[in-house]
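Letters A, B and C mark the chains in the order given here, with residues in each chain numbered from 1 onward.
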């Protein structure tokens, strides 16, 4: 995974020194700029969709279809209308939540997304649990024992995480742990004999299985999830531990830490009670961002593990030249990231003591 | 302990437990056939719309045609949903008699009215499958007069020319397009959208109600398809209650699943995995030569490829023997003639494959054509299966005699788009013949009724290659109407030889359909046109 | 230590610099000293240098060409003759890896060469003019930034069509926004300086001011930033290749090799393992080096 880019939202400008609702105006301005960004997103998505060098009509009528049928479907899809009109229709549809039909699956895109998103969420949640569970404590330790061998190895392992092609780790993992050692489940979310045993409620197989008490299904899902989840988790761990370390270093260098130590508080009490508590807001933002970036990691990991989630849906859509599916996915990712950035800005504004 | 550390511990514990937990029983359910396949291209189960191989394979087990190919010899026709048929003396009318105990899975009796409505709907919808009718003179305007129901069990088909009945049966009435759909449900679900009658296509897309061994009960796109046995089937019912088809788009993964017994049948395996599996005592590998081709198509609009000598040179650049014993093992049989082995009128194996790797000869042909120093062209091909290997093989040979081919691989959908729009110089692509008669390939690959760009006859590969030969058009039509079998065969031989010298395609191999099946599965029958799930038992 | 002043080292360490060039060289020298103290960064640097040498000398190092096929020698395991084995068309994998280093370097350098000027131009223009220009340009920037790199590149390359050149363009389109942001921030700090004001009073046009006076100030930090992003660029390129949207066969791009190798990975593990290791090593080298570079140049981490 590439190192996630900095938050897209601007760092909050110094608040203008006027009357009571002094945070209202920047907020409104921010919302307006988000609206403009979203419009731009749609334009970009639309542009990409129209540039796809594939013919959506063929996906529907089949490769051996005749001219009349072809022309009919062409008109049905509105492809004969001028481009600006198509764009207006597109915006109207998007705003009303209608993403149209996915040509390569034959279903409504909205239905497809409802089906594939839980698979990715489940995987990403598993991964972020690993990322946070290991990344945060390790990052804190690395900061406390700065420049020790521990710090260096954490750093190296982190860099290794940044540098590994996730798809390759996935393939190697499959060869070693599935094909050779037979320790984990193979590609897919479930063994075939468990398919259809649990009715989807949340769409998260582990949760659904526990809800009805099908423990076999639960363990089977978990055995399929552990490899892709760990690999994705490794990349978020690399990012989270690194950010934790640098946030902690900043805190540990502050005077209050020295002061607390002088007052006789124990080292670990200072680290966890004071320093760590102070980085929580920043950390939550980072974790949220890492969670969203798992969507990117998912594109390749899901391809390798035949995981029927969002990432594979997007790649199949792109490879099949499916405008509607690709547009919807691209737009959703854009919206998620814009929302996250907005959220992190707000969090800073509301919680960070320094902006008060 | 801070919450994060707790979470970390929990995650580690979970992870360890999962790794140690007992694995699933390495066996598939006793009453189900579990098959791994690539379901990427599957977008519909409406028999009027299905245009790809995998969907067709499945639907033929769900929707039975009026007549069937004999499972042992596809040149023989046996009753399907029709128990008998007669031809009028002038050869212009065929009358089918349906079986008297046809039932849909929902219990309703299937009648000739259902059958006729189903055929009208194929033509009315006008998807690629409508060609099964339109190429024999049936049209959207007249179909309701041309195919009618005389009573509940009698279908009367009036043709505009006296086509040979054998050809009609195998080409039209054995196609999935003659499956009987439930017209009562169809008429109820059908809507008129934007002034167009949709024949219940949106409904049948996921839920085809049809006479056949199985019915579709679940379809999760790119995940799984589940078929349940039709308990109301007229004849001997399917041996296994369910067929589970799982989307596994990777050969290596399919092989592992099969070796571990997690699946019974693997349908997408590459040469090396098949070779390994053929040594496995629990698995049987069957390779059926089917009626499809992989071929190079040249665009005759291109000033260089318009020269038949250049196209001929390419046939000498293909190492048919080398490929045959390596890359093509379990995947294809080298063949240069456009009519597949096993079809009526095909040249025999030797005559149908007169070429071998001979770069000197290829170079001489290029020199004769006026390109002694070669040229540079773009070569597009699919990213799937062995296409990249074949393309790189041709590319490397061509490079040795100065022909520089720039490869670009793409998804099938994109390749089809480019081919249909005539936007290519050379491409490597596949084609499946619809019925076991030379007419099937020749009527599309050799015949080109109208070569003008605006005709947009993209369903004709000959048109895609901008290639037309009026002599061939006439010969093909004469052969189609010829009732003397010996003469008809001779005419097809002549066309094939002509095409091998002049045609716009260089055929590389006839497709083989490899299937690896675990030995627990007994009696699984297949032909070049059918994989009969109902015959498989455990 | 006056006796040292005559040596080069002494000159570089001199407490009083004698010219701007002297000062610059001295900064560079001290930076180098600090980098030298970081073994991981040094390791990264040497791997990169090694890679460059391999790429330049590919025709000498590789035993055969990258597309020399031999159908009779398919899928041979690593041996003395074929160090990394052979692939599905009987090509020597070692030779393909060696030739492939050229493609990896070519892609990453070209992306840098395209993305840096674009980012610089957008960032400095936005920063210098401010107001509406700034708002519009930064909005556009935000739109691009709101996508993960690989997904945006994937979408672009799907629209442009596969191939090395299009992959480069697609990746460059995702690589310029962070640079623009950086250049804008740098511009904002120098825009109101007396020095720029003086140039402006002399009647220099905005284009001239940006090009001659602002851009040079931004270049060092942009170069560092690009180096740091290099690993990401390489991984994105490999990911595109893996999905079949990058370099086209028969070119030995590592990601594409991995993708074809995956098909036979059970009987020929080396086809998947080795290209992946090559990608990992290169991107790790860039990360180690970039990390060291950041320590040297980013005073905050000191």
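Convention: contacts are C-beta pairs under 8 Å (C-beta built on N, C-alpha and C of every residue); 3 or more make two chains touch, one makes a residue touch a chain.
Model, not experiment: these values are computed from the prediction.
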### Task
Give me the ID of the chain with the smallest distance between its Cα centroid and the all-protein Cα centroid.
A
### Task
Go through A-B and B-C and name the pair with more C-beta contacts between its chains.
A-B
### Task
Could you tell me the distance, in whole angstrom, between the mean C-alpha positions of subunit A and subunit C?
25
### Intercentroid distance (Cα basis), subunit B paired with subunit A, Å
39
### Summary
Between subunit B and subunit C, the Cα-mean centres are separated in Å by 46
### Query
What are the residues of subunit C that contact at least two other chains?
161, 244, 262, 265-266
### Summary
Each of the following residues of subunit A touches two or more other chains, namely 53, 179, 319, 321
### Message
Two-or-more-chain contact residues of subunit B, please, as numbers and ranges.
### Response
250, 256, 411
### Query
Which of the residues in subunit B come into contact with subunit C in the complex?
250-252, 255-256, 270, 272-273, 276, 319, 322-323, 326-327, 383, 388-389, 391-393, 395-396, 399, 406-411
### Task
Under the touch definition given earlier, write down the residues of subunit C that touch subunit B in their complex.
67-69, 71-72, 74-75, 88-89, 161-163, 244, 248-250, 260, 262-268
### Message
Considering only the defined contacts, which subunit B positions touch subunit A in the complex?
### Response
2, 4-5, 7-12, 14-15, 17-19, 21-25, 27-29, 34, 40, 43-44, 49-52, 125-131, 134, 194, 196, 205-206, 218, 220-224, 226, 244, 246-250, 253, 256-257, 260, 262-263, 411, 413-414, 416-418, 420-421, 455-459
### Query
Any idea which subunit A residues touch subunit B in the complex?
53-55, 58-70, 72, 76, 103-107, 112, 115, 129-130, 132-134, 136-137, 174, 178-179, 182-188, 191-196, 216, 219-220, 222-223, 225-226, 230, 272, 276, 306, 308, 312-313, 316, 319-321
### Task
Over in the complex, which subunit C residues touch subunit A? Could you list them?
40, 138-140, 142-143, 145-151, 154-156, 158-161, 177-178, 181, 228-229, 231-232, 235-236, 238-239, 242-244, 255, 258, 262, 265-266, 269, 272-273, 275-276, 279-280, 283-284, 286-288, 291, 301
